[in-house]
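Next up: some structures, all given as structure tokens.
Shared between the two complexes below is chain A, which pairs with chain B and chain C, respectively.
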Partner chain A sequence: MYDFADIYQAESELDAVRALHEDRQAMVIAGGTDVLVGIRAGRYPSARLVSVHGLEALTGVQMTADGGLRIGPCTTFSALESDPLIARHLPFLAQAAGHVGGPQIRNMGTVGGNLANGATSADTAPALLCCNAVLELTSWQGVRRVPLRDFYTGPGQTVRAQDELLTAIAISPADCNGLAGCSLKYGRRAAMEIATLNCAALLRREGDQIAELRLAFGVAAPTPVRCPEAEALAAGAAWSSALAEQLAQAALRETRPRNSWRASADFRRRLIAELTRRAVTAAWQQTEEGM
Partner chain B sequence: MLRVIEFWLNGRRREVAVDPREALLDTLRERFGLTSVKRGCEVGECGACTVLIDGVSVDSCCYLTIWAQDKHILTVEGLQKDNGELSDIQKIFIEEAAVQCGFCTPGLILSAVEIIAAGKPRTREELRRLISGHLCRCTGYENILNAVERALRESLAKKTEPN
Partner chain C sequence: MAIGDSIKRVDAYGKVTGQARYTADLVPQEAYHASLVRATVANGEVTGFSLARAQAVEGVVAVFTCFDVPDRPFPTPGHPWSVEPAHQDIADRKLLNRRVRVWGDEVAVVVARDRLTAARAAALVEVQYQTYPPLLTPEAALAEGATVLHPELRKDNVLAHSAFALGEVSYDEAAREEGLIEAGGRYEVPAVQHCHLEPVHAFAYGEGGRIVVVSSTQIPHIVRRVVGQALGIDWGQVRVIKPYVGGGFGNKQEVLVEPLAAWLSMQLGGHPVSIELTREEVLGCTRVRHPFVWEVSGLVRPDGTLVARRYRAWSNQGGYASHGHAIAANAANQFKQAYHDERALESESWTVYTNCTTAGAMRGYGVPQSCFVTECLTDDLCRKLGMDPLAFRLKNCMREGYVDPHNGIPCLSYGLRDCLTEGAAVFDWAAKRRAYQHQHGPRRRGVGMALFTYKTGVYPISLETSACRMLLHQDGSFTVQMGATEIGQGADTAFTQMAAAALGVSEERVRVISTQDTDVSPFDTGAYASRQCYVTGMAIRKTAQSLREKMLSYAAWLLERPADTLALRDGAIFDQTGQQVLTLKQLGMESCYNLRRTEHLAAEETVHCQSNTLSTGVCFAEVEVDLPLGRVTVLRLLNVHDSGRIINHQLAEAQVHGGMSMGLGYALSEQLLYDAEGRPRNDNLLDYKMPTAMDTPPLEVLFIEKEDPSGPFGNKALGEPPAVPVAPAIRNAVLHATGVAINSLPLSPDKLTQAFAAAGLYEEEAGEYV
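The block that comes next holds the complex of A and B.
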């Protein structure tokens, strides 16, 4: 038995938004893999829940008229991992979704919850940061769109207000076509682990050069972050392993990992350098194979 | 206030009035006496409470019973034939010595059922990943993998058998 005060099963997106507006103590539950565990740990005493579990309108991946992608926040990691649109346009996001927990967790946990949770360790955050994802937040007052890059304010904290529901993750056409990417996760185990560090690299190639690089990390700072210095260094640069090393050093300058019970800051710094080299190299390799 | 939920449980339509705070794990064990569903970590990390919901493996400790409305739920009790004979996957687990204390076994058997139902051949590495939501402290996993590999192989062979 879980110790929460109440749960309301919303019948639609609008109904959920109304419920959050009318009860300013209410919090959202979707897959339950974070919230229920948090409730059991006593993190949300007397929680009042608004459940968006099973709402079809918030689930699934669609292509928009302009060729961009719209990901429903209640899409499970499993669904994301096997979605044909994601496989075609953003395979490195499917890769990231496949890193979460284990099969049972992926069958219930949602990509929206992964972001809304605000954790720096969210496995889909680096990939979505590289995609310049924009979050659609809906409240009784209306809709606002916040780039994922501006979503996080601190460890476990986001700009989402209590009465706002994450209703879509939007990716523009330029950010999901003609790019090669790689998502990596380091943990002591190969599954059922919170990331010690995670990383995503996404690049566009022109001839023998990187035309554009996006590089992002989780657990390398209080929030998931992009690495603008490394990205600037890569823009227009000819590919070489020496470049990969330079990018690794740039990433180190731009990140601020901490000591935690999982790993020391020093170990995380080694991971940042190594995962930069591996992720960017793997992304480049994909362009060699014609993706 | 109790909510009345109806779902399919091991092939039969069932109805139960539950406190909305109840986890499916609690309902299956305490209300329906299906003790094959084990109370392990209760936080979705060990897989001992795994059940199949509409054919998909889920940690029942992290699943509210009220979400089960109209779903098809399968536990190991639902695998046995009416005369008590074990299903093929269960027999193979025993023959391959994939069971020691047995605590992780029901959950693993259901994940194996899901893997076999997908009808796709898998490498041993892929199978490792597919059962990675289960912790076993006894066997070291090798015999479990042998059992799942064999069950999958035999199931696929049956499908391609000429009449």
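The block that comes next holds the complex of A and C.
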């Protein structure tokens, strides 16, 4: 019961970009864990698909010459979760990748698809927002680089044009070294779950102070968001449980959780405050262990 | 191997390798596929259709609407038919309905060359309605001026009402005694769905002027009857085939799509027509477990004696009668049976038509609901009384020798107290109960329990009959045929063990034919209640006895000696000295090919079962509650079952595991939600939250095996009971952990955090989280 009219398996990144350029109705499919569900639900009747599934150039994590990371968008969640570079530099991103669905979904679904579909519930988005990830979008006209912060325009909407292919997720050396982080997901179940709330915290410690904090949420607003007020509050502050409480309150001021039948806005606010406390505390505790 | 041994499932190899064929594997290549047009209002009347766009889709064969089908209502529940009109099921469904009573009601159908085309075209059918306000709760449906949903059957929306009282005085009179403690209130459980793995699916085709229906059903013989009734044809004109089935849990104890598939095929010259529902249709448009609302209260003396209880229940039937008031009656009976009320019990139940998804049979048949309210009340009484829930139960629970005063169903083998005491010992109840008193901090633990009673079959409320056929083959092997059905629960394996034991041969010689074909298979009403190993076991035993006599009689002729000097055991025939005189292969060959006398050694027998017996059991749960997040983690779950003798321990444990998982979902996360218009919001497996393996603690199982004198092999009910006590045990554990009594399911985080806030738990804990 999959209503699609055509599927073209691209042979390379460039071939995919060409196919998208030539067929302005075409949409990208990678792991299919999102697109196929949408097709089955009738969201894209008679869809025309360009598949980037299995393209090696778009897969895997590499360290760039300057010590940054370059994540191929077709890297599956499983691969991201077990990648040695990610484990060394950004274990909280591996943690986030491990929160996605179940093993089958993680084996097929890709981190690029997770971002490109524009969902506020994307499990890897808060962690990647904390890493100041920059997305490389390639079209027949050329390449442009968009910070993830500027990528989302609304629920399910991004700045990516139909003929643009997400070809890399780049993280600078300053954003993947010397930081401690924590990703938390709240769902009704322990697996196979869409997030009621996602929270990621990433911090740099100097002595007994938080030199820098990055705090991001998914499902706390129409798009994944960072919390600049809370981050400013934490910068240079000494760690204490009172600080965690202040951060929780700041996060509440900076988010706009919605009221829906899946969870009330009140409950989501409770989650925002509590997950802030827990994520920041866990990130801080990691720096203690590291000392 | 013998009764009780864990022989490997007889269908394991076929199911693992894919050799086992299910309905979808059997749909003929040329079959048409039907897609239903479902109402987008919950309460209304179809006034017209615009079909042109759908009919224009290439590949569409035909479109039929509610204006095209015969005006012939039929009943859908899988009950044995009653020959007495007063006891017959309510006939309130048609093949397609003009009067829409549930969101998703079938109003038209598109038949096309493939499923996708049918679905695309069905989406293009435009329907015009006259609409009425949706009635989503019994309160709304009973309110003055509410639309009467079935005016031709009932003057208001009450499908049925029943009441009974026991004891020397009324509840109010009992309450006058000085010093009594009272607890109770309003309790509630939501609609949940079976979520069987294989969707609802049937296809039909014409053959020699008759109609053949292949269906994923628990009840092939009942499907034949209902198809006959729905189509207005003789029942013998219908042949129903039941292949392997991927789960039913009661949803397939209902005749859902078979009559329409048969009717469509008949309209199309007998061409095969398949109707396979999507998961969304199964979740939102088939059957659910009845939601209930109760007002109950109980009175206890300070010494812990249960003095009186009062029970008032409103069962939300949804749009059509289905199993109807049988569910509410079963629920009320369990409330009654589970405890001894010293002075008074008052019980009153209403089953009310509403515009919610039609509720039907689901594993436990009203008793998971009833057990929830019974055991909530029990622990609420214990808490007010300051009494240990185990001690209270031991003092007041159903006693040995119990006989239900209304239906006469006895408990012939009594293991309830042993379940309580042995379970408590294994669970370390007393120590945990103590350890978790007076906790502080954001994470708190607690333990809770719940007990239940459960009748095995349906006698004397309904007919219990079962037939079996056995035959000996040339090689000394046997085939066994039954009308009773394997639906994934392991029945064929249990039947194999029973047949082997009753024949006196090893299981390898016995083949149970898994497929039922109503043209060929003996009669049995099917897989429901917790009846099959009990009632069908009796048929197996009786048939095996009959076949043994025939085999010995033929052997006696062959060996020219009296039959009573021969014995059949261990797969051969022996004489009085213990000498083997004939192998079963020799017997099989002679009976087929002997030139002087052949006799095909076969037997068929019917049992008309006129007994019943109560099973019991207890669930123990240990939880950790994360107060700030309102999250309940179940750390440990133990089910203890008094189900008589166990036929196959490994399969029985698997049966219990499945039930516990179902109970876990009922407790924590499952609930079919509706918007204000009556449209299901979460009719998919992402938003309808069944527990995953990650949410499931180790599942512990203990059997208290007491031979039941009425069971064919000492056995009694085990099929449904495992799902019954889990939710209230978890609810009571949360009560122990937090002191907060949650009176409705599921124990959702939203609900828990609100209740914890109202109870002041957050103020008490402020600032201690970090």
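As a working rule, the second predicted complex is superposed on the first by the 289 of 291 C-alpha atoms of A that agree within 3 Å, B and C clash if a C-alpha of one lies under 4 Å from a C-alpha of the other, contacts with A are read in each partner's own complex, and residues count from 1 in each chain.
The criterion applied here is as follows: a contact is a pair of C-beta atoms (placed from the backbone, for glycine too) under 8 Å apart; a residue touches a chain by one contact, two chains touch by 3 or more.
Quick caveat: nothing in here was measured; it's all calculated off a predicted structure.
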Contacts of A:Gly42 with chain B and chain C, given as first, second, both or neither: second
Touched partner set for A:Ser241, first chain B, second chain C, both or neither: second
Chain B versus chain C as contact partner of A:Ile7, first or second or both or neither: first
First (chain B), second (chain C), both or neither touched by A:Gly32: first
Which of chain B and chain C A:Gln104 touches, first, second, both or neither: first
First (chain B), second (chain C), both or neither touched by A:Ala190: both
Partner chain(s) touched by A:Phe267 [first = chain B, second = chain C, both, neither]: second
Where chain A meets both chain C and chain B, residue numbers: 1-3, 102, 190-192
List of chain A residues in touch with chain B within their complex: 1-4, 6-7, 9, 32-33, 36-37, 40, 51, 53-54, 78, 101-105, 107-108, 190-192
Residue ranges of chain A touching chain C (in the complex, touch as defined): 1-3, 42, 45, 102, 186, 188-192, 194, 241, 244-245, 261-264, 267, 270-271, 274, 277, 281
Chain A contact footprint on chain C (complex, rising order): 115-116, 119-120, 123, 278, 628-630, 669, 673, 675, 681-682, 686-687, 689, 691-695, 748-750, 753, 767, 769-770
Chain B residues within the chain A interface of the complex: 19-23, 26, 42-45, 47, 50, 56-59, 62-64, 66-67, 111, 129-135
